[in-house]
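Pasting the structures in now, so scroll down.
Each of the next two complexes has chain A plus one more chain, namely chain B in the first and chain C in the second.
Up next is the complex of A and B:
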């Protein structure tokens, strides 16, 4: 198990490095950075001045190595727009995004797995149909629309929860529900499919032949095997929720990473863009790593491979 | 009194084309410590019979029985709760596919001890000790370390030994072994068969051994019931069945087994022509008549089970009138 984790960590680090190179190159390929920083009204001299000031005249390899050297020491430079360092900006926004993503995933897991299990056990009954309906609606409904509906119902009409802001935990309830519901259908359907497949398997018949209780057959023997693909999916979903929750963040006026990335892109704030891209990539890498470790813990066959 | 008494057991499965009569009124009984072989080709209802005995039929299957008594308990009237107390505790099962019959996610120790703990026969320590004892008994070395291994670390033969040990954990009165050697190499097959027979005699467990291989039967069974198209068509003590097969199907099966020294090298192996009839819808008359060399007009009527000498029964109109069979296979063992 130790060697397994070490191998996965080495792979994860090389993936992170590759992503940083690609994203750095892509950003520089997207056009003349100096010109877009200077703005449409700048003169040629001003653009050239900016190019020198920001070090954009040097070879791209040097620029990347400088950036990488800084990044390794958690120095991503200063924002072009805000009067603060990139790290301060990210540290400021990160807790909001992590809280939102974590809560949303918790909601998605707590809803989708039990629902998937019940749908599989009560296959082709009204329970299964209802679960399918719930999934289809979740898949089809745009998350911004669902978020707005939640605001109208729970914040405006019933006035149970606040509509916007990030002051305390109550602010996160509605956005986490909106984001979590978005992640639920795929996980629920995958749990259902996995359970149906596993329940047909020989070792479930063996477990039943031992006289085990239904609960033990379903939760100990079936669910553990059925949930393995769901873990990997949950990791990807969480990565998506951490990196791509711009829509929900703007609907609920939460200043998270998604909002920061969006603002930075529209303001040509390249150091921030570059750093956020890397951070989001790191989220995915860490989550995939965790999913791999969780799967190895669930399935002994993976460990020895 | 027999340990297991089955009378007129029927299993029906609704399928798209209608009602599939998988098991069509079979009778048999198993005494304590006896080994009964159920023999038949695939689709003859032998696996459905075993699942019916375990109470593990698919939910859509319908079971009816004139009698289904296990040690004085009427299984047809037993609640699911009562049946789950019998399963694993007093009736255990060994399955055909050792590669998939064990849960890949749990250690052998965990899976071995499970039934013992479920049926409250003792604490964890006692369960472990019994698991180690039984693993050694089924011929697995370093048993204590094996308990911490996972199924994928074992070969098919070893896994089947583990399955046998698992079935013995609660000292059941009856073990149903559903083709336990079919998926194994021939040499391993022989070892597993010998082991099963030894254990059965040592523990005095009754065994229902399900197979499609009449060659296997000769070696281990006390009695044999031959199944065809959802019916028992012949039942007899093993020696009597081999000495005097009285149903044309049994004769056909026996002539399919090449006998060393009797079947000339290079000669064609015997086969029974034709296919098993569909069991969907109403089945009338002898189910074997369209493949039977002796078939006559009478066979349009369903033949009764005929009693023959030596506790021998056969479901054929001509069972007592067939010419004495040419001995086809010697009792080999």
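Up next is the complex of A and C:
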């Protein structure tokens, strides 16, 4: 188990390093940063001046190594736009995105697991079809549009909840629903498939033959095993949701990491863009690492792979 | 092992296994499909409700995209400033002149919606093809050769999965100056992960099949085995992935355009139409409802098609 964890951590670290290289190179090679920062009206001299001022004239390897050296000490440089360091900006905005992601995950788990269990128990009945419809609709719904629709219905027409801002908990309800629905279909389907497999297994037949009550069989014996892969998927989905929160934050005017990244992208504030991409990727890497380890701890067969 | 053995050891899919190393490749058209096979095929295709609905809607979308110039009542770019924000026909003030109303610049909404089908389908199809080529190549190589090749490619896949797609696509689209072509190329370069994962695992299962051994024993080159033996036998799985990734690419394009970094005005991208209507949605919700529903229906149809095809591939049951 120790060796398994160690190997996974080494892979995770090198993936993080690779991503830092890729995100850095992509930003520096896919366009002329100095020209983008200077804007369309700048003269050639001004562009060259900016290139020197921002250190963009040095070899790209040196630029990367400097940046990496800083990043390892949580120093991502200064924002081109705001009068503050990138780290301060990120620390400032992070709680909103984490709250949103956490709430969205909670909603997704609370909806998808019961729904998946019921769909599996009542297989091929109207409940199962309804659950499938719910998943199919969720997969096809553009999240930005779902968010806008929630605003029109619940904030404007019914006036139950606020449409924008991050003042108190009510501000997070609609965005969390919009983001959570995105993760629900996959988790629901996995719960359903897992439950169907487990319910047909020998030990469930034994438990039933022993005369255990149906509730005990389903919750104590079946769900506990069916839910293992769902927990792993939930961790991965949380990583995806943190990356995808840029859309929801923009729709609901939430000032989180995603909004910060979007603003930075439209203002050519590259130190911020790089840092946010790396941090979101790190969250994903850590979450999948934890999911892998949890899975291996619960299911010894995985460790030998 | 003889040549006849090779073709008889082939997989159960007749059209692809008929081309064993020594048999002359036969075009599909040369074999007339016997009537029972045809009726069984249609029954399978239309017996699955989701698949039928998906197939019909996708076919409808393709027809709309092809015949958009004939179907559209107006020029989608023509701005009629005197007739701005005309509501759709079910509204009290709706007119038959503009069945779905007009936008803030007085452009006919129905015409823009019809032309928008072209953008979504083009982006979905080409992006899925680009990512399909990249992902399948990586996946087949990893699955067939295993060992160190597999380790390297798996690492590449892991790295790609850890990259936040929306953020990276936004940043790159903004740097390269979002346009139809850059969006297509970007999505094609980003969305290959599922192709790689699926083709890798399917190839791993095929690697030790008897007909692959046979081909190897007969001295077929690696390239021949990969292209003529492996590839035809993973297409079933790949077609399902193509539909899923098409839907994914269409949604991502709409998202990028909605956030202002994708397809640029005045092109009638559905995501862009929602973004342009956002300021008016409180009093005229139809400006975001119409393009949103179109987007939802197209993605839903493609997903239903993909789910249906997967069920046909694995007749065990829907999961």
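Things worth noting here:
FYI, the second predicted complex is superposed on the first by the 290 of 305 C-alpha atoms of A that agree within 3 Å, B and C clash if a C-alpha of one lies under 4 Å from a C-alpha of the other, contacts with A are read in each partner's own complex, and residues count from 1 in each chain.
The working rule: a residue touches a chain if its C-beta (ideal position, glycine included) is under 8 Å from a C-beta of that chain, and two chains touch if they have at least 3 such contacts.
Just so it is clear, the model here is predicted, and its values are computed rather than measured.
In the superposed model, A:300 lies in contact with chain B only, and not with chain C. Applying the stated contact rule after C-alpha superposition, one finds that A:284 touches chain C and leaves chain B untouched.
In the superposition on chain A, A:121 contacts neither chain B nor chain C. Of the two partner chains placed by superposition, only chain C is touched by A:19; chain B is not. When the two complexes are overlaid on their common chain A, residue A:247 makes contact with chain C while staying clear of chain B. In the superposition on chain A, contact of A:276 is made with chain C only, not with chain B. Contacts of A:210 after superposition: chain B is touched, whereas chain C is not reached. Within the superposed three-chain model, A:189 lies in touch with chain C and out of touch with chain B [touch as defined at top]. Comparing chain B with chain C, the partner in contact with more residues of chain A is C.
On the chain A side of its complex with chain B, the touching residues are 201-203, 205-213, 216, 220-221, 224-225, 298-301, 304. Interface residues of chain B, counted against chain A in their complex, comprise 54, 56, 84-89, 92-93, 95, 97, 100-106, 114-115, 118-119, 150, 152-153, 163, 166.
Interface residues of chain A, counted against chain C in their complex, comprise 11, 14-16, 18-19, 22-23, 26-27, 30-31, 36, 136-137, 139-145, 148-149, 151-152, 156, 189, 192-193, 196, 239, 242-244, 246-247, 250, 258, 261-262, 265-266, 273, 276-277, 280-281, 284-285, 288.
Residues of chain C touching chain A in their complex: 50, 155, 158-159, 161-168, 170-172, 174-177, 247, 251, 254-255, 258-261, 271, 274, 278, 281-282, 285, 288-289, 292, 295-297, 299-300, 303-304, 307, 319.
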